Each structure stands twice: as structure tokens, then as C-alpha cells.
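Just so it is clear, A, B, C and D label the chains in written order, and each chain counts residues from 1 on its own.
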Amino acid sequence: MPPTLEARAPAPATTRGAGHRLASLTVRGKDRPGIVAAVGSVLGEHGANIVSLDQYSDDPLGGAFFQRTVFGLDHLTAVLPAIEDGLRRRLAADFELEFALRDLSVPQRVAIFASKSDHCLLDLLWRHRRGQLPVTVAMVISNHPDTAEEVRSFGIPFFHVPSCGPDKSAAEAEHLRLLRGNVDFVVLARYMQILSADLIEQLGVPIINIHHSFLPAFVGAGPYARAKERGVKLVGATAHYVTADLDEGPIIEQDVVRISHADSAADLRRRGADVERAVLTRAVQWHSEDRVLRHGNHTIVFA
Amino acid sequence: MPPTLEARAPAPATTRGAGHRLASLTVRGKDRPGIVAAVGSVLGEHGANIVSLDQYSDDPLGGAFFQRTVFGLDHLTAVLPAIEDGLRRRLAADFELEFALRDLSVPQRVAIFASKSDHCLLDLLWRHRRGQLPVTVAMVISNHPDTAEEVRSFGIPFFHVPSCGPDKSAAEAEHLRLLRGNVDFVVLARYMQILSADLIEQLGVPIINIHHSFLPAFVGAGPYARAKERGVKLVGATAHYVTADLDEGPIIEQDVVRISHADSAADLRRRGADVERAVLTRAVQWHSEDRVLRHGNHTIVFA
Amino acid sequence: MPPTLEARAPAPATTRGAGHRLASLTVRGKDRPGIVAAVGSVLGEHGANIVSLDQYSDDPLGGAFFQRTVFGLDHLTAVLPAIEDGLRRRLAADFELEFALRDLSVPQRVAIFASKSDHCLLDLLWRHRRGQLPVTVAMVISNHPDTAEEVRSFGIPFFHVPSCGPDKSAAEAEHLRLLRGNVDFVVLARYMQILSADLIEQLGVPIINIHHSFLPAFVGAGPYARAKERGVKLVGATAHYVTADLDEGPIIEQDVVRISHADSAADLRRRGADVERAVLTRAVQWHSEDRVLRHGNHTIVFA
Amino acid sequence: MPPTLEARAPAPATTRGAGHRLASLTVRGKDRPGIVAAVGSVLGEHGANIVSLDQYSDDPLGGAFFQRTVFGLDHLTAVLPAIEDGLRRRLAADFELEFALRDLSVPQRVAIFASKSDHCLLDLLWRHRRGQLPVTVAMVISNHPDTAEEVRSFGIPFFHVPSCGPDKSAAEAEHLRLLRGNVDFVVLARYMQILSADLIEQLGVPIINIHHSFLPAFVGAGPYARAKERGVKLVGATAHYVTADLDEGPIIEQDVVRISHADSAADLRRRGADVERAVLTRAVQWHSEDRVLRHGNHTIVFA
């Protein structure tokens, strides 16, 4: 009797560090000797096992220091406050560093904004359902009702908030009402409306956006038609944090795909959509695992 | 008033050759001088506009000849039989070539087989719904009931055909009953059962499969765990036509993704799944557009 | 006795179409039914074996038509004038098409311009020496003497033509004296001086340039430092034909490489150099095989 | 007066950590809480600035621990012995860890082995000459005299050591005489002879090899011809450490390049050569910067 393919399938693997609970610690500030030892000793005092540690200094002589540490610990919830206290005394006091400590078993809560295009939205929802994105999708907000049924089939609340005219104040008030206190970050999954600087500020949580990218860039209307006309050989996408300066916030991730003269402008848009969903998914994944640290107008990504 | 992003979106582009109907012509056989002229003159006599033409000869001195032509024509349905007749007289008689002529506005009918994993299945269904795959998905057949509801939400028939023991005869009889006469090709979208040589022969239509690929290859059980242990830096996927020789049929498409030591065996499987769906989608797309010509144990892909 | 690795090495393979001489035919003009048949019948009348044929029409209903055909023929040199004559009568007269016919066994002559950086220059010279670039490198011209000895070690003439001030007329007069009648195209392999519109026109041969590319683009001074500051995740390169509009001519090829926050501006420049040489080499290869057809401000690349 | 391109070129950037001397510290052993703090405190006691720190643990509960730290220090040479002493006391005694400390301003010495193919050899020598590879190329050893002149034009000693018959003892004795005490690692840059297990052991330094890779693998003679016949869509290369088990040592780096049906076996070999040199260069770069840690039959690469 021949073995079936299923019989040959690998057994489910356990992820790293399973067995006890994990937390992430991100640290940033002015680089000075001794930071690594200080962090290490605080964690060590509480019996934490460091699973991974990434560090980057943009200039070891007084530049900016960035560190991401993942550590495991029995009774994590009980001990975390004591670790936080220890870090505050050592890092904040001695080194004037900022730090963030997070229990990785508590997923971050995210709201996804979408419009009519569903390629980025569905890829996020599929991965979330498969347990591949360590987030809770709190809600989907769209200025179009089209994807309502699909979103709700994933068991996720869908809110239709129309927003089409120049005056977005009513829509944005509704956004704030829905989001405030309910989400840790927001993802614009091809949401085709601009968020006002005021909304961005009032929300007070990171916002991740995705947009197409070309070499050279085509600013303004009809970028795909112009890319086609110009005969570019690559189309790409950029995921970035949203700032008041549209499409100019810190870049999280980029990628491109090869095209040819035989691709129509519609083909370019379709290929571009494939890159967009891949790039946005990676950006959301990394952000939700605390792998992305913002610094000025760029990012440190411990991917 | 600032323009919205939506206002800046490109206008819908028309695909190449829209405006009149398109047909594809694939030709193969022993290479000899004059084939191109013969094909061109038959098409020209009927006023066909050649949209694209790809040709390959593995040895111009008597090797094998392959050609794919897409042409447009008013009143295509009416004229196609006359073209077919002309080609038969010229190509089959003078050059002993085989050819296939197909009205591209009539989508090929496909059945998708799946098991529990939904990453390949959903990507195909979703692209189909967006109008990106020029096929009719006639049905989904699975040996597990898990994806029934999701599949049916796309408006596509789902059939649960259990198949777990060594004796697959009952399942395969059911497969034949469902498929015969109803589909032009079959896609195994991570279907984890082996099709018998008998079923493959009786079906008599092309069958496309997807499987993971590594450098070096890991034959047998637990390939991801072994790839992890061996420290490979790439994981990949291969889409191929199914023959009686398991996983060894003509390759249609391959791709890889970069991994690192920090990826667990579960991460490898997840990254591998991303490549699988991308590779299978490309293979299905190309097959459904008559871009893939089989020859011996390899393929000519006019992508 | 164990086999050596050398014993396991593959036997030299013959390239396609070896055995008799090959010629390329490129055709362009307004698309109309019957072109393919006309080309095929002229070639067929002279007993030519078509090795490969690529065709593209940007709109089959009266758009622009592009075709590249490679064919083999015994006694090619003797028969070529008759083929040219036949094509002129059929294509130029009946269809108002332009065409170019070239004996592929006669390599195109190229002059390479360089400055101090040698990464693009050396890659081209080395591939040429290995017989991978079907060109004759007629000369290398540089505004710096640094690479003279290295270039000459490849058996290739090196000319030092200083060009540093605002007045380039003396240098360009020397360029014209060296190049006119001696080369079929020119490659700027990181030549860091701008060619005047006047020189470009007087040369009258295609000129290929390579430059770095970013998403987003950084126009002006210090692009690598600014790309670093902006935190881009990809650096790339673009090879294009030179027109009077600096860095804006038709794109031949592009590629990118992934970078991270840990790469310094110097690292970016080094990674960028790797992409530059790869992209320029591909562009030169394709151009020298008549695979690149210019059309307006873009290219059709039958790669 | 228009600015020249040269005027627009970026100013030379300084690499990270320039200004004072850098050292690398790699640590490995059984993972236990407190290692990071211990390393950090020893470095901190001597005023070292940690420039970068990468860490990986394959299982935080008693798995294997790997760390690479780069740190800067004034008077590095003078202080290094004291640091080494401190680490020995803390790491070796308290944690039973192994560590290696190296002054990064002292380049590692490498011998490159080659045969007739020069693509990998020249790429290494070019990059070395440009200051991109932090090594001293002590010598090139080849079993063919062909590349002697070229190698010596780089100012590097070339030794011709014939090795063709089954009995390699004379050649290997000569290898040992040339290498022993003179090199820190060896690179086989398409050296087409097998090193005996005896030579590998007596050399006692890491040996890096490059070989082609396919999916699926083609073991034995004529891999490119067989890959062509099988219609693979990717060809690749693998760089690995040499062990007595031929082509099976720990993988350092891999990559692939896309090919098509139109590529001949010779094209495949040429494309394969491009990947080989890129992959080998990365492997040598990473090894020479102490970024590669071997563990069992795989590697941890802090790239």
C-alpha cells in the first residue's frame, strides 16, 4: 500500500520559545557604554531567558541606540511589573532611555480601513484566520459597503463610514468614536481617503499605509498608465507609517515585481496589487511583533 | 479642497486586443522552413490581426517547433471553423504539425481539488472572482468538509469526497462521475491524496499540482523539519503537470523565498505556503491562457 | 578511485542554431493584418530556418507592430542581399514598415566610456573575454588615466581624454574623432561627465547609460546619503538609452537589491554598484543581440 | 555652467564605527539566563561601546546560544587581552561558553583555490582590490597555470600545484607546505579537485566551497544538461563549509536565478556562474566579518 501524501506531511512544529510565555522589550535612546549589560542584568535578576536580541546603533559614539529583546519567563504576568520597575530604575534613570515592555501572548488590537479594493484586506484576514498574524482584528472600517458580507464571514465587525466629500469632519468624528481606546494600531489597506492631520493626532496610535512605488516615481494622477508609457521594468509597493505629510512617512518595507512591455496598464495594476498585499502583510506582521522602531523619518526593522 | 486619493486613481485600462474577439492558436511538430509563413498566410486570408506571436525551436535543423499565436477577428465564432479547416489543410497536410485553436472568450472549465490547507484554494477563488483568471471554476472537490462554506460563498459547487484509506476506488469512481465531460483541466491545490495512474488516464485532461521544493531536495517525511535542521537558506515551490510518476511531471513554474536560521520549521512551512500559492496561481494562469506547451518531460512556457 | 569534480563537469553544450550562420531581422511600423505572413514568406522563399520569433503589437487595431526574428541559413553572406531586397519590396512597399537585417556572426563594435569606478567596465571586459558578449570592444575612453593598464591587459585600446571643466568642446571633438565610423554603439559605464546634446546628435549611434535608482527617487546631490536618511529598503539601477534629456531616455532594464537599516551609506553605494553592473551587462547583451526596439520614450525588449 | 555628474556624486561616506577601532566577539554554548548581562558587563567594565549585537537561541530552555557582538574601543590593542581575560573568567568559568575575540582591523588571511574557471576568482580579487573584502589574499593556488598572469597583476602570489591523477598526496603535501600557518581560511573558488579528508583535517582552518544547486537536485554528471532536459525554471548556487562529506557541509548562503525554455544548457551554465560568484562573494564577506557561526551541520548567519 503506497503512503498517501498526507502521511508524509510534517508534524506540526512548535514555534520558538513555546512552553513558557514570551515578552518583548524595545529600548531606544542615546547610545552609551553599559546599556546592554544593564538590560541584561535586570532581565537576569528575574530569571528571564533571552530568546533573541537585536541591537543597532547608528553611531556608537553618542548616536542613537535601538534594541529589541524577546525573553521567556514562567509566571510572566506576575513578574512583568517588577521587571518594568527594574528597567525604569536602571534604564530611565541611569541612561535616560525609553523602553516598552509587552506580553507577547496578548495580541495587539488593530482596525483595518479599506475602500473597494479587497486584495490587501483579504490577505490580512486570511492570515489572521490561519493564526499567522498575532493580532486581534477589532474591526474593519470602509467608506464603501461592498466588502461588508465578506468581512463579517470572518466573524469581524464591519462599519460602513461614508467619506466622499471635501468635508471629512463627520466621518472622522465617527472614526474616532469607533477607534478610541479600542485599537493599538490602524492599517490602511488601500483606503482611498486621506486622513486629516487632526485625526492622525487625535488617534494617537501608529497608522500603517501601503502605496504603489515606481522607479522613477510618478507623482499625481494615473501612475500605472504613465509607468506603462515610460516603459518601466519594475513596479513596486511601499508600506510606511502615516504622518501628516502624505505618503512620506517612515518606510517599513518595500518590494518590486518585474514587468515587461507586453503588460498592459491593467496588468501593471494587477501585478502591483500582488506586491502591495505582500508588502503590507510583512509590515503588519513586523509591527505586531514589535520589530519596527521609528527614528526620525526612518525605521529600524529587526526582521 | 485637496484631491482625495480616489480622485488620483488611474482610470480603468483596457486590456490588449479588447474591441474584437481573440483566439489562440498553438502549433507544434518537427521544425521545417516555411511554417511561420504558412500559419501567417492562413490567418491573413481570413483577415485575422495577430496580437502576439511567440515561437521556439529547440533545434532549427529538424528539432521540435512550438508556436503560440493570439489573433483578433470580427465575427470570430463564425470564421473559426474556416480557419481551422485552412490550418488543417496547410499545417497538418504539408508540415505534419499538430495544432490547437481556441476561442479565448470561452473560458476553460476547471475543477480544484483541495484538502485542509486553504492558501492555494482561496487565492485561486479570489483571483477568479476578480476576473483575473480566465477560467470557469466548475467545482471544488475536497476529501475534507472544512472549506465547504467558504467555497460556496464564492458561488462555486463544493463536493466532499472522503478518501483516506488505501483503497481509493470508491473515491475515484466518484471523482470520475463528477468530472467527466465537465472540466478541461484539474488543479490540485494542496490536495494531499495521490491520484492513481488509472484515474489520471481515465480523466484524460491536464492535471496541475503544486509541491514544496528545496535545495537540496528532501525526499520523504518531514521536509520542513529536515530543511530547518540542514540550515537551508531558501524554500521554494514547484508547479507541474501530474503524470503517473509522482511529483516528477513536467515543471511549469518554480520560485523560492529567502529564509534564515531564525525561522522555525513552522515559519518555513508558512513561507513555503506563500510561495506555493504564488507559483500555483501563475501556473494556472499560464495554462488557462494556452501559454504552456508540454514536450517530453518538460514545458515550453510563453509567459 | 573516486571521480574528480572535473570528471563530473558537463560537456560543453552547443548554443542554439550553431551549425549554420544566423541573422536577425527586426521589423517595426503600423500594425496591419498580413505582416507575419509576408515576413515568413520572404524568409521561406530563401530557405531560411526561423530559430526564434517574437512579436508585439501595442494595439492590434492599427497600433505599432514590433517583431524580432532570428533565422539560420547556409551561405548566409551570399543570400542576405537577396533577402534584404525581398523584404524591401514586400515590407517597405506593401506595409510601409521599417526593418533591419544583420548577420549575427559580425559582432557590433562598441566603445566603452568610463571614469574612476571600474565595476561596470571590468564586468563588461571580462564577459567579453569569456565570449559571452557578442561585440567587439573597439576602445575604452576615460576622463581619468586610472584604468589604462587594466584595460590594455585585455588587449583593448585605451584613450585618456580629460574632460573636467565646463567647456567640453575640446574633449568632445576628440571623442568624435575617435568614434566616428568606428563604433556601432557606445556604453557609458559609470562615465561621470554629461555628453552634450550636440555630441549625442553628431555621434548618431545608440548610447547606453547606467544610473542608480531609488524608490522614492532622490534627485540631485548625495542620493545614497539621502536614501540612507530616508530609510529606503531597496536600492536599484536603471540602464537606458541616452537622449538630450539627461537620465530620462528609454529604459532598457532595471533591478533592485534589498538593504537594511544596518547598511551605511557606503554599503548602499557598494550594493548599488553590484546592481549597476548586473543591469548594465544585461542591457548591453540585449542591445548587442538586437533584442531592444525603441519606440517613443520606451522600449520593447524581446529578452 | 551646468554641474557635471561628478560634481553631483556623493561624498565618501565613513563606515559605521570608524573613528575608533572595532573588535568582534562571538560567543556560543548552552543557553542559560544571564549570559547577555555577563557579556555586557565585561565589555562595559573596559569602556567598550557595543556597535551591534545579534543573538539567537535555538531553544531558550537549554538550547544552543549564539551571539555576535561588535564593539569599539580606544586603545583596542592594549585593552583586548584584559577583555579576553575577563571574558574567560566570566563566560568560560560561569557559563561554560566558548568565545572568540578578534581585532577587526587585522584582516583575516585567505588562500583562494581555483581551476580554469575564473568567474568566482576574479570577482573576489576585484572586490578585494576595491577594499570591499576585509581580508588579506595571501595567495592563489591553482591546478592549472591559466590564471597566473591575471592573479599576479593584482599583486597576489600565484602557485601552480598540478593535481590531476588519483594520487593527490604530492599535491596535498605542497598545499600544506604553502598554507600551514599562513592562512586563516581557504576559499575554493570553483576548484575542481576534491580535497582529501586528511588534508581538510591537517589544514585545520575553515574551507568555503561553492557549487551549483537545482530544484530538483541532479546528482552526478552533466547537471546543466539534465536541468535543461528536465525544464527547470531556476538554477542556483550554494556556498558551504567543506567537510569530509563532499558537498554536504553546513550551508552558508544560497541563491537562484530564473531561466526559461529558451536558455540552452550553455546559457544555464553561464547564468549559474553569475549566481555562483554572487553567492560565494557573500559567503566570503560574511565569514571574514565573523558573521557565520557553525553548529552541527548548519550555520547561524548574522548577516
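Basically, contacts are C-beta pairs under 8 Å (C-beta built on N, C-alpha and C of every residue); 3 or more make two chains touch, one makes a residue touch a chain.
Every value quoted in this text rests on a predicted model; they were computed, and no experiment measured them.
Trainee: Taking shared residue numbers divided by all residue numbers at the interface, is the value for subunit B and subunit C over half (same) or under half (different)?
Mentor: At the contact between subunit B and subunit C, which are copies of one sequence, the residues are largely the same (over half shared).
Trainee: From subunit C, which chain is the farthest off, judged by mean CA positions?
Mentor: Farthest chain from subunit C, going by C-alpha centroids: A.
Trainee: Of the pairs A-D and B-D, which shows more C-beta pairs in contact?
Mentor: A-D is joined by more C-beta pairs in contact.
Trainee: Roughly how many whole angstrom separate the Cα centroids of subunit A and subunit B?
Mentor: Those two chain centres are 34 Å apart.
Trainee: Nearest whole angstrom, what separates the Cα centre of subunit A from the Cα centre of subunit D?
Mentor: 34
Trainee: With chain centres taken as the means of their Cα atoms, state the distance from subunit B to subunit D in Å.
Mentor: 41
Trainee: Which positions in subunit B touch two or more other chains at once?
Mentor: Answer for subunit B, listing residues that touch two or more other chains: 16, 52, 56, 262.
Trainee: For subunit C, which residues are in contact with subunit A within the complex?
Mentor: For subunit C paired with subunit A, touching residues are 56, 213-217, 229-234, 236, 238, 250-251, 253-256, 260-262, 296-301, 303.
Trainee: Please output the residues of subunit B touching subunit A within their complex, sorted ascending.
Mentor: 1-2, 4-16, 52, 115, 118-119, 122, 126, 130, 132, 150, 153, 164, 166, 191-194, 220-225, 228, 262, 264-267, 269-270, 274, 278
Trainee: Under the touch definition given earlier, write down the residues of subunit C that touch subunit B in their complex.
Mentor: 16-17, 19-20, 31, 33-41, 43-44, 47-61, 67, 71-72
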